[in-house]
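First chain written, first letter: the chains are A, B, C, D, E and F, and each begins at residue 1.
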Amino acid sequence: MFHHVKELQFNARVSGPDPRFARMLLEQFGGPNGELKAAMQYFTQAFLCRRPYPRHSDLLMDIATEEFSHLEIVGATITMLLDGVNGELKNAAERSDLMRMLKGRGERDAMVQEASIPPTFLIESGGGPTVTDSNGVPWSGFFVNSNGDLTVDLRSDIAAESRAKIVYEYLMQFTDDRFVLESLDFLMTREIAHFQMFSAALNELAPNFPPGILQGNPRYTHTYFNMSDGPDIRGPWNQGQGPWPDGDQWVYIGDPATQVRQTRGQLDQTPEGSTITESDIRTMNRELSRKRSREVASQESEAGQQWSTYEAELTGTQR
Amino acid sequence: MFHHVKELQFNARVSGPDPRFARMLLEQFGGPNGELKAAMQYFTQAFLCRRPYPRHSDLLMDIATEEFSHLEIVGATITMLLDGVNGELKNAAERSDLMRMLKGRGERDAMVQEASIPPTFLIESGGGPTVTDSNGVPWSGFFVNSNGDLTVDLRSDIAAESRAKIVYEYLMQFTDDRFVLESLDFLMTREIAHFQMFSAALNELAPNFPPGILQGNPRYTHTYFNMSDGPDIRGPWNQGQGPWPDGDQWVYIGDPATQVRQTRGQLDQTPEGSTITESDIRTMNRELSRKRSREVASQESEAGQQWSTYEAELTGTQR
Amino acid sequence: MFHHVKELQFNARVSGPDPRFARMLLEQFGGPNGELKAAMQYFTQAFLCRRPYPRHSDLLMDIATEEFSHLEIVGATITMLLDGVNGELKNAAERSDLMRMLKGRGERDAMVQEASIPPTFLIESGGGPTVTDSNGVPWSGFFVNSNGDLTVDLRSDIAAESRAKIVYEYLMQFTDDRFVLESLDFLMTREIAHFQMFSAALNELAPNFPPGILQGNPRYTHTYFNMSDGPDIRGPWNQGQGPWPDGDQWVYIGDPATQVRQTRGQLDQTPEGSTITESDIRTMNRELSRKRSREVASQESEAGQQWSTYEAELTGTQR
Amino acid sequence: MFHHVKELQFNARVSGPDPRFARMLLEQFGGPNGELKAAMQYFTQAFLCRRPYPRHSDLLMDIATEEFSHLEIVGATITMLLDGVNGELKNAAERSDLMRMLKGRGERDAMVQEASIPPTFLIESGGGPTVTDSNGVPWSGFFVNSNGDLTVDLRSDIAAESRAKIVYEYLMQFTDDRFVLESLDFLMTREIAHFQMFSAALNELAPNFPPGILQGNPRYTHTYFNMSDGPDIRGPWNQGQGPWPDGDQWVYIGDPATQVRQTRGQLDQTPEGSTITESDIRTMNRELSRKRSREVASQESEAGQQWSTYEAELTGTQR
Amino acid sequence: MFHHVKELQFNARVSGPDPRFARMLLEQFGGPNGELKAAMQYFTQAFLCRRPYPRHSDLLMDIATEEFSHLEIVGATITMLLDGVNGELKNAAERSDLMRMLKGRGERDAMVQEASIPPTFLIESGGGPTVTDSNGVPWSGFFVNSNGDLTVDLRSDIAAESRAKIVYEYLMQFTDDRFVLESLDFLMTREIAHFQMFSAALNELAPNFPPGILQGNPRYTHTYFNMSDGPDIRGPWNQGQGPWPDGDQWVYIGDPATQVRQTRGQLDQTPEGSTITESDIRTMNRELSRKRSREVASQESEAGQQWSTYEAELTGTQR
Amino acid sequence: MFHHVKELQFNARVSGPDPRFARMLLEQFGGPNGELKAAMQYFTQAFLCRRPYPRHSDLLMDIATEEFSHLEIVGATITMLLDGVNGELKNAAERSDLMRMLKGRGERDAMVQEASIPPTFLIESGGGPTVTDSNGVPWSGFFVNSNGDLTVDLRSDIAAESRAKIVYEYLMQFTDDRFVLESLDFLMTREIAHFQMFSAALNELAPNFPPGILQGNPRYTHTYFNMSDGPDIRGPWNQGQGPWPDGDQWVYIGDPATQVRQTRGQLDQTPEGSTITESDIRTMNRELSRKRSREVASQESEAGQQWSTYEAELTGTQR
């Protein structure tokens, strides 16, 4: 269960209203790389690994909880940046001073700001955050990547933190408010810290490549299809030894259309570049498959029917 | 900020796997009337009223936090109802036993169950909850109603609790698992309790009708337009005194097309049914408008730039 | 079936083009609390109650029809506020005067207005309404709340009218056009009138609390979980007698984490605050359940296979 | 404004409940080619052409109104096909008979049917239609195509009627209920009738090709780019005279990659196949452009500020 | 399979950055009538007709491939119009010059432009295209119309090309950049060319009316329901011979409500206006139905299990 | 521009129809981790880096093109798995054999299969793929992650490939068709190959941590907030040296609520765990910032106004 601590995790402050930046910041409230996405992603992932990998589940739930706390910081900042809107809207019987207020200090800023405010701040939310991105598009459950395999989920999380980080970095270019910058700096830095926590957790899970259980078929793992014409462009991704042991190397198919025709659509393609055999693969697959299946399944059948254990059960103090 | 307590608020248990019901229950995880919607709705509403109405904000945040805790109960139950799926999926190298497992005790149930499982449980989430409704449609930020006016927001909350309650009531018809029924009974009952908390909070805010600030124009408040032909159908919503003081009453327009033509589209319609004058309305509007605007605005300007107050500030122990 | 009357229900007029306000008003055409949402919500609800509660169904269909008529008023107003756009767009072979036209009377307004116009007005709709909210996000079937239980549906409707009302109230702050204000005043007032019609209809349905059929479990109905730390904040929603008869009262759990641990996640919690017994509840549930089920089911089996009755059947004049 | 006639336009009947087909039929209630889409498309289109092309606007509004009437037929049929669900759900205190009821006549049908029912029929809508397609995905405002140009809009409408027709044709394969088939036959036939009405309206608008105002650039109008390798495949769409006068013909670019390189990305491509000159095009553009712009703009400025004319204004009987 | 040619099909150029127009142009990247929609629509349609109608499938795939190539032109243009944004964003450590840059040449333009840029260009995409429309609403798979019947699909395609054409026509009003206008002119003209290719392909499929297989029921094909009051408005869509042979004509129902009541909801309506009999219809249906079913089914069973044929199979050179 | 090669990249075959698996496979056509998502993600990313990082852009475009080719393989397989549906639907005049056909070999399979087919396969797409996931939810432009920074984008791509890989791995459990398994094995393996290509490309970009430009603030980079109660759970993500040089280490905040109160919401928190100073950070930020900004900006201004270079320009053969 959750508990709410009345103070914000970071001391969010603003120098004054700035509806234009409030709009931009909304991206981190309800946008595809925002705090709600992060919180819900780790929260959802935590369920499946709770029994077989309780330490990882604890990590996921800790960071999920921190992201909910960051969501609160972002929401509070947006509300402060829109300060005054709600009060003016309440002044419903008199021609509101809203326009003048929105325009702030100079005529010039005024226009820019007014034009940039999504109307939903004014006519739907009354001056608070909406569960949308900065264009007003609603948050979607599809933002959440959770696939029930830790070697996949942690990679999704590393990528998610990378995106959240860059969005904060970009946002920092669009405000001069030193208090807001202070909060953004904290929030951006925490994405970096989480990135490293997830990396550490992934490294602990060995083997973790390829993601999931099954090895790739050696007939196709080392092949680069050059899908475009013009001069060949080569790099560490299609030439040399690649990420494999000595003896392996990238195989570069310069003209895939011809290769496809000549191999009956790969069917006659023989493995190249790889020193591993299909039989090795089968063995590796079987072993990892049993290991992981056992890890997960045993825990499931053991714990079975009850999610939590309560103190009263442990101490025998239940009524 | 939020804090996570490792135990669930309610001791969620299941008798055994039931993928078919897991699907149905998903409606309360990521559906339009589910726990995430409720949590995010109250959480979002709490920002705007935090300063002018701190007690109401506290209520909203407490219930939001409880709804997040319910979301966790629902997610945990879905995961337990899908027990075994993830373990079998990990058994990737061997022809999985998944089908047999899903089929459970009898051939008959098997087919029904298999057919009812959304494929995303099997090929996307690996046997855990997805942030979607029971059809697999993703949660949307549009589920959240938050309009920055407590007399509106609390009504949205009362309706939201009503819908959540009926969905739990319906769900209870589709499982025989007594442990699951126990959890559903708790969750359903809490919606009723929240309904009454929100009602109490709304009653405390006087005046609270109409929602918002502005009174209706007496030319149109008492009119019922009978938009259909056939025999007149009357009820307390279009005849008699209505919700007004003595002397007022519903005005029934039996043939709106004719009325519209004869009144130049209402322009020549004189007030009927109502004893209140337009001038009364103007006075009421101005008064409430000032009162509310002052309540909100004064608090905003007072608190201004910092969201929370920290102990270190109060005790002077800051470094 | 529906019939179209060529005149608008209200004599919608505008003083002149105002693309900026046209955008805002779009919120009531295709937004989450707009006229289409209202129309489709009541229309959809009317089907299920048509036989068991024909008077309520008639009410729902009347108001649905009025909301479709309001949708037309809003669409007509948006079109008039965009007057000129379509004509200029047709002037496709010459450098259009559109920019100049959009800028209206003064340079200053021009910029604001141009910047505020969603591009879809100009490059998709050709100067008419789109079925979106004011940010261009499309209307969604999820806006509609219809749950097949009148005590729930009418509460959804009361909340829907509250939200529609406040959005009109907010909108009235953003235009100075007296004709447009006149239309908004009519539309806003009708939401208040509908609010009272739905309230009257709900009151007529007794018993109507809790929504649906099942009573809450007395072990959880009277409990307030204080999900946050800091000083206790009390109000009529968590102290005193509450909405119950003498002898009942709110039970305040100050430290839910501890309570949860000590009660094995509520399992060992005994009913508190309530004087009603679980056996009373069972009786009430059974009785209401039978009553409602009978009301609905009898009508269904009776009417059965044909939706409408036609005059020709009644008068025997069918061919 | 709209008016509701209590009888359905077609006498919708069913032989008995069939939840499986109710699900399929939902496609025509809230699906991308369903009745709501059609109704809202024509309704939205009618606004912009109301003044310059009042007869076409009347046609659009008549068919929109008929489509709303069809939506009602579809909703009524779905409700009847789900007969019994709501009554059983109301039987909340006793273990419901819902499962048995859903299973209908035989064990075999039972399973199929149960499995095919979207859970939202049971746990959200209570046995009535939802504003979604047959998979439970909500209706979207993006279904509506309305572009403010009649030569475009009518083509969108012809295509929309084609799609609606084929969906009814497909649906007729999945029910044996002769009453339902009767309704589907009516609804399908009306799509054909509307198709021909829209075609007639389009033919009346001359010139109507190309859609919109501007002619194509003759350098690119007659060119077919063969974007694939293998043997040339020719047809009336890339060889012969095409839809043009004598002397014109399709130009077939067999190897676009080479052509692109040799013409600096079309810049050096000279017009081929066409006998019309760029100067002819400019003249045609200017003429049509003026004609249409005048048609639209004159009407707009004339009518200006009021949408409807009311009898009271005409007869001078206004108060 | 696809192959990428490094050059753009059209030599896209820009005179200088113009973030405001970049936003508008986004409509053709990820909007409902944009290039991705067109590409995916024809691509998806091509699968089903590949065997029974290989020439039509080739046409669809050629145009799909051209539309992907147009998508690339649009994406490249948007990127060039946003030139500078990404570079400035990378200047993360210093107060960016972004604002000044966005403002361009004059103060006046500056404001307009800044205000018009969707924040997602700046804080999500880093200055490149997003897969959204010009308001930032994401592309949806529902944009694609593909119904598995060529007489329907080609009509959807003709309408799609019409809409894409008008959007380009409108767009051309909002830029003065002659290079951009050049590209738009090419893209717009290609929509006209595709329109005529699809028309030619549809004409070749005889019979192609009505879309699909089944004829309409003659009782309802010739009927016009006048769903509105006021003076009768007549046109070629509801009077005269209509699109039928001599002897047939439109039947105008002036007062549908009365007609409905008197015909028991059409049940007693006799065929009018049409000289074709229900028995003729049955024969036509059966014949076309057999013809089409045979065309499709024979090809399906023949080709069966393998999608492509490879050179190596034909020449016997497979390894 | 793109070019279409008529053969599939892999020789997709099926043993016979299997509508149930066709549905599951749809996840890789229009699902959040499917081929269209991958193709559009890399395609969209390629625009921004085309000039400053042409080799990386070429890699992205090559893999994008391969993913489009995989999309075609998936679409072809789905169509073959639905073989027969379209032919039977065309048999519109006679009671179709569709049900029998869908049921396949045995009664038991029949039911399962029929129940599992989304109705849209039957009544919308006519037996071909839809641009949706396996539940029928449409593909969304939000699936695409493209943030204009290669160190971020490549991490998004590595995660995307991980998810696509696990979905293929899961899918392989749900079919016994050896031809389909062969195709899935190819497609799954290619995701692994792409994973390694993206990893190699990321490694080449040094420095690449943190993603983007700005370093984290050392006051927050090394801190782990234990957001839950109960026993401390430690791992390489919150204890020990972490990913830093000697002397650095994780700082574990066991009771964040207290820490927050005592540090005025982090304001008084001093850097801990890190040996790097804020001044070092500033230097690093400035340097990387200049380097990257220069890389991007110089290329942008250089290339400027034209996207591609054409042979005719190089060889002077332009007309």
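Here is the rule we go by: a contact is a pair of C-beta atoms (placed from the backbone, for glycine too) under 8 Å apart; a residue touches a chain by one contact, two chains touch by 3 or more.
Bear in mind the structure is a predicted one, so any value in this text is a computation, not a measurement.
When the partners of chain B are compared with those of chain E, the chains appearing in both lists are A, C, D, F. Where touching is counted per the definition, the chains common to chain B and chain D are C, F. Farthest chain from chain E (centres taken as the mean of C-alpha atoms): B.
Of all residue numbers seen at the chain B-chain C contact, over half occur in both copies; the interface is built from largely matching residues. Averaged C-alpha coordinates give centres for chain A and chain E that are 34 Å from one another.
As a whole-number value, the distance joining the C-alpha centres of chain A and chain D reads 38 Å. Chain E and chain F have centres, each the mean of its CA atoms, that are 27 Å apart. Multi-chain contact residues of chain D (touching two or more other chains): 1-9, 11-12, 32-33, 61-62, 65, 69, 88-89, 92, 111, 115-116, 124, 126, 132, 135-138, 140, 142-143, 147, 149, 166-167, 169, 172, 212-214, 227-229, 256-257, 260-261, 264-265, 267, 308, 310. In terms of which chains touch, the assembly is arranged in some other way, matching none of the line, ring, star or all-to-all patterns. Contact between chains, using the touch rule, shows up for A-B, A-C, A-E, A-F, B-C, B-D, B-F, C-D, C-E, D-E, D-F, E-F.
Of all the residues in chain D, the ones that touch chain C in their complex are 1-9, 11-16, 30, 36, 40, 43-45, 47-48, 50, 61-62, 64-65, 68-69, 72, 75-80, 83-84, 86-94, 124-132, 138-144, 146-149, 179, 212-214, 282, 285-286, 288-290, 292-293, 295-297, 300-301, 304-310.
Residues of chain A touching chain F in their complex: 5, 7-12, 32-33, 54-56, 58-59, 61-63, 65-66, 69, 137, 140, 142-143, 145, 147, 149, 151-152, 155-156, 158-160, 162-163, 165-167, 169, 172, 185-186, 188-190, 192-193, 195-201, 203-204, 210-217, 219-228, 233, 235-238, 242-243, 256-257, 260-261, 264-267. Residues of chain A touching chain C in their complex: 1-6, 88-89, 92, 95-96, 98, 107, 111, 114-116, 118-120, 122-124, 126, 132, 135-138, 308, 310-313, 317-319. Those residues of chain A that touch chain E in the shared complex are 23-24, 27, 31-33, 108, 111-112, 115-116, 133-137, 166-167, 169-174, 176, 227-230, 256-257, 260-265, 267-268, 270.
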